[in-house]
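Presented below are the structures under discussion, each in the form of structure tokens.
Both complexes shown next keep subunit A, but they swap its partner, so subunit B is in the first and subunit C is in the second.
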Partner chain A sequence: MTSISQTTRPAYSAASPRSDGLSTGFYKLLFMTPTILVLALVVAGPLLYSFWLSLHEYIITYGMGDLVWFENYAVMMSDEFAGVSWVTMKLTVIVVVLEFLIAFGLALLLNQSWLKFREIYLLVLMLPILMTPVAVALMFRLMFNPNLGIINWLLSLVGIPQQGWFGDPDLALATVVFVDIWNETSLMLIMLYAGLKSLPQDPVEAARIDGASAFQILWHVTLPMLKPVILVTLLIRMITALKSYDLIYMLTQGGPGKVTETISFYAYRLGFRFLDIGQAAAVSFILLAAVVVLTVVLLRIMREN
Partner chain B sequence: MPRLITTRLGVMAASLLAASTALADPAAVCKGKTLNLLLETVPDSTALIEVAPEFEALSGAKLNMEAVNYSLMHEKLVPSLTASSGSYDVLAVDSYWAGEFVTANWIQPLDERIAADKIDTSVYYPALMDVNGKVKDTTYMLPFWQYAMGMLYRKDIVEDPAFQAAYKENFGRDWRLPETLQEYAEVAKWAGQHTGKAGVAMSGQRADPVVMEATNYVFSLGADFYDRETWEPALGSPEGIEAVTIYADLLANAAQPGALGANFDDVANTLKQDKAVFAISYLFLMPTLQDPKESQVVDKVAFARMPGEDSLLGAWGWSIPTNAANPDCSWEFIKWVESRDVAMKRAMAGGQATQAWIYDDAEYLKLWPQMAAVGDALAHAKGLPVMSRATQLVEVFAEVMGDVLANGTDPATAIANAEDKFARLTRGDPLLK
Partner chain C sequence: MQPSLLLRIVTHLILGLCCLVVLSPLLWVLRTSFADKIVAYQLPPALFFTPTLDNYRMILVEMDFGTFFLNSLIISLTSTLLAVVIGALAAYAIDRYKAGGNAMPIVILATQMMPPIVLVIPFFLIFKDIGLTDSRAGLIVTYLAFNLPYVVWLMMSFMKRVPRELDEAALIDGCTPMTAFIRIIVPALLPGIGAATILSFVLSWNEFLFALMLSGNESKTLPVAISSLVTQQGTAIGAVSAATILAMLPMAILYFAMRRFLVSGLNLGAVKG
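Here is the complex of A and B:
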């Protein structure tokens, strides 16, 4: 038989002297140094380098040019940047709101005790997030193909004329939103469902005994308790939506015109099509700043709540 | 019989001798090496992949060929070319990348190698050497395949007497292929209404598809992006504005549904499904239109030169990256792939040959009769300007077209709005001095 002996730990503080004469603080620093160095190399290094690039005129074809300080950031004042910012905002707000409503509804449904085959539904609902956006985009490009696609064929059965979908300026953004919702709702669903499952049931039971209706329980008990999870979910999804790039690249290339061009795709175009690395870096930093500001605001709201 | 055997043995011996002579150089510099190539997913790449084992057997090198969609090629190449040691040993360079690659010093001049090996570059169509062989009188590429553009049309429809009678009734003249861009637009719109199909299959997708197509309209009317003497922007000329206006009109009133989001694959599919009468597109679509496994219009489509003045001429050229690991072996591959036998094999397999003599070969023309139109198409074609930022010229023109087609901006205003961008692209360009 194995016995486990318990020993009493000595009283301990960060400032306690050690037998080797070195402070615990020293050891803390020593053990953390590799991590700090790796983080500096992997995260801070590229960030600083790209910031340095954003201060230069750098077109790859011509090589590194002069230091222009914040001249590349003047792109913020252009109509072009205003246009892509507006598209990004529209896309972000629409997909986050719609995906949240759908995901929350599905999470509530999955959380019902009377639901059978819950694991199967959950598995099916998780499938989209398991697929890469490239595969999703290719699938929907074919489905929405004006001539070959199943969507137009189905519509034709009820007499609706062929639509251009990704090629129609009036429908392109809505079609991208549809694909995004299909692909990304699962992420919100799993987070909200996990949040619901972890809620204590006592307050819900108490409310039910007190005669509260299902809606009252949802509004006055479940939602307030779930608020931190909801905020984190919204925050994560807003950040990823602001950076939308892969679906745009595969579905529309930002077109028709610039109807679906987001800030990320604009930065990509500046960098990889115009080979203007200075401007591309500046736009990326502007986007980074927007994401940081949004994160700080939401974290503050969470803290206050 | 014995005489035939003797003859065959003689031919085999001669072939082996020729092969061993050709083998000497590749094997010496290539044995045990791997050559990485980046190719576009087009019939020429398929044709190359079919004959590639021959080079591996001759040289002892391994060919690692990666064929990707066009839109991915430039962005895969640039990071590789800017690195000190690149991922690719042989490049297929699109004609409008040539200036950029030369200015950035990403590809090697080939003149010394050409002279040392006595390569005859006069076998190529001169227009192709101009558009994608030489930059400022130095040879950087040997033309790999050409993408002549022009008018694809349904010959079964337009040669139908009922169609021609209706045409005469509508236009008051006997049937003829459109001779000007304006006439093309007029006929395409009418043909669409008359047949119940799309008058024209179009590719309005940003950026390369719409630009490659619409540039034909620009060149057809004699307009251009720049005055090629002063390098001042010139698209704002009345002809340039009219070209963009006609393109927008056709896209709105005669094209297949979803044309604004379509690329050239979609144009091919629209034609293959018997859903359009005309298209301004690539001659290299012919093999796929003639494939009975995927096309409903086998032997029903013909190619003619672009109505009006010129069409857009493009080509891909073989080049050696400056950072190639084995440039001598890369050159051996280029020599082999452009040798007469291999060039002919690729052409017979559906490739778009760049060597003029192939289009005079009776056996080739028997297999690909529609390719007889290449000479005429090349004689009335010109390329995008060879400038360091031609890749960006495509992006800026795509923005103009997007502004007109998606936002409904008047063509003159859209072009005027982009004038500063056009001007910035030529500023300080060493190739234009």
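Here is the complex of A and C:
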């Protein structure tokens, strides 16, 4: 395969001259320059600058202070950081696991060959994927409003007393999880459903002819074949969950107390409420480190498959 | 193989219930957006009432949501357009000429995964220094930070499906890489360009953190305007509902009109890499 494609591809060898006399290298540069410029300007530059900030004492109102090296990173040792890390981890694990189970279950149901109205189900179930998170959050704030919201009223019909939802320390995280599931499950559903659909049907048929039960087919045939897709789906969702910010800002602002405060929101609060840019930048880099680790794992899995 | 009736009923029940969970909040907010003040607060809620457009008039005229809508539209469209043009070129160079070597796809993916809070802190200070705060141009440029990697990544997977023979033949026939790109690749890449355009527009339209920190009265986008309604939600349920619907409307239209593009884009972008 390799040798064939090499011999039939003289046009891509770097040395071959073109009709306009310009080398392949020139075109490579021409095509990549805009992207490299943009990424340098809006990603690499700000990133380096932010790292520089994280090494300084920097309160917005006073401007940049002394170079303190990694002193800002000592925030990692604080109870507060431990708290927000715990919330972030809890939230990430809970939403990823629940959303995966729901999405995978629905994908399996939707993949049944005999299913009627499949297109309609898909159309509805994928609707939340596009909804502006801020608007989704506001929609649920209205509905979960303790006094005016429809949800408490509906629950009162079956005799459940009024709940504080986002204002109740015991319920706030669970309510955020509910909104997150509503908003984000579609993405996992679309990925898992597409994965299921692209699986070859022969092994499943063979197992069925051999008398395997539906559960045995799922466990011994479908799941192993789908493993790469599942892993990639889980990782991508974990990364997006780790960095998610909109819902927390809109639903609870990290409260009540700090029961729903995530690392992203904590960095925001340090930087733009307490005006401590140095610490905020340090916290954001710690979050970035976590995301980078997950991304490396993601890449490795993608490459293996 | 036809499974038992019970199994089929249970399957439809589960799927139907999930659809209900997805649809009912949307329908509820839609209903409330047409309710007058008295109806909006009524519990038990009235299901049948004379609809009014007062809420929409209030947010569009009195609260100037028309301007914010326009801001969102201009910023999202411009940033998307830039990302798609720049990104298509890069995807071509990376796939066909291995530009940037093996590291390039990794850089693109890593950038795409970056939490926005990491960038918003430096942007906030840089914009203050160079006077880009509260400008549409500033937001358009910063939105490229997440749009461009996304578009490149997505188009790379679409590029892999364009047969190499197509542009190789063009090159042998005397096309330069640029003319081969314009005449051969772009037409073959149209589904990818379509998917990338829609998804990049969705990302920009829904973006919140950058807009929150970097915009002001001149360049406020719809999500930021909506977030500022939170404090008023006790007093203006109807208006808040109308604003929510207004933000979702373009997305819903896009969704129903372009579902095929969207689904293929989401699949390729996410899973196949």
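Everything below uses one rule, namely that the second predicted complex is superposed on the first by the 257 of 305 C-alpha atoms of A that agree within 3 Å, B and C clash if a C-alpha of one lies under 4 Å from a C-alpha of the other, contacts with A are read in each partner's own complex, and residues count from 1 in each chain.
The rule we apply is simple: a contact is a pair of C-beta atoms (placed from the backbone, for glycine too) under 8 Å apart; a residue touches a chain by one contact, two chains touch by 3 or more.
The structure presented is a predicted model; accordingly, all values stated were derived computationally and were not measured.
A.B. asks: Is A:Phe272 touching anything from subunit B or subunit C once the two structures are fitted on A? First, second, both or neither.
C.D. replies: In the superposition, A:Phe272 contacts both subunit B and subunit C.
A.B. asks: With the two structures laid over each other on chain A, which partner does A:Gly255 touch: subunit B (first), subunit C (second), both, or neither?
C.D. replies: first
A.B. asks: Spot which of subunit B and subunit C makes contact with more residues of subunit A, would you?
C.D. replies: When the residues of subunit A touched by each partner are counted, C comes out ahead.
A.B. asks: May I ask you to decide whether A:Asn145 touches subunit B, subunit C, both, or neither, giving the answer as first, second, both or neither?
C.D. replies: A:Asn145 contacts both subunit B and subunit C.
A.B. asks: Regarding the shared-chain residue A:Val95, is it in contact with subunit B (first), subunit C (second), both, or neither?
C.D. replies: neither
A.B. asks: With both complexes superposed on chain A, which partner does A:Pro128 reach: first (subunit B), second (subunit C), both or neither?
C.D. replies: A:Pro128 contacts subunit C only, not subunit B.
A.B. asks: Using the superposition described at the top, list the residues of subunit A that contact subunit B and also contact subunit C.
C.D. replies: Common interface on subunit A, subunit B vs subunit C: 145, 148, 272.
A.B. asks: Would you mind writing out the residues of subunit A in touch with subunit B in their complex?
C.D. replies: 60-63, 145-148, 152, 161-169, 172, 252-259, 269, 272-275
A.B. asks: Touching residues of subunit C toward subunit A in the complex: what are they?
C.D. replies: Within the complex, subunit C touches subunit A at residues 1-3, 8, 11-12, 14-15, 18-19, 21-23, 25-26, 28-29, 32, 41, 43-45, 86-87, 89-90, 92-94, 96-97, 99-100, 106-107, 109-111, 113-126, 141-142, 144-145, 148-149, 152, 164, 168, 171-172, 174-178, 181, 202, 205-206, 208-209, 212-213, 222-223, 226-227, 229-230, 233-234, 237, 240-241, 243-244, 247-248, 251-252, 254-256, 259, 262-263, 266-267, 270-271, 273.
A.B. asks: Applying the document's contact rule, which stretches of subunit B touch subunit A when the two form their complex?
C.D. replies: For this pair, the touching residues of subunit B are 71, 74-75, 78, 82, 100, 103-104, 204-207, 256-262, 266, 269-270, 273, 275, 388-389, 391-392, 395, 399, 402-403, 405-407, 428.
A.B. asks: Within their complex, state which residues of subunit A touch subunit C.
C.D. replies: Result: residues 5, 8-12, 18-20, 22, 24, 27-28, 30-32, 34-35, 38-39, 41-43, 46-47, 49-50, 53, 102, 105-106, 109-110, 112, 114-117, 120-121, 123-135, 138-143, 145, 148, 150, 153, 182, 187, 190-191, 194-195, 208, 229, 232-233, 236, 239, 242-243, 245-246, 249-250, 264, 267-268, 271-272, 277, 280-281, 284-285, 287-288, 291-292, 294-295, 298-299, 302 of subunit A touch subunit C.
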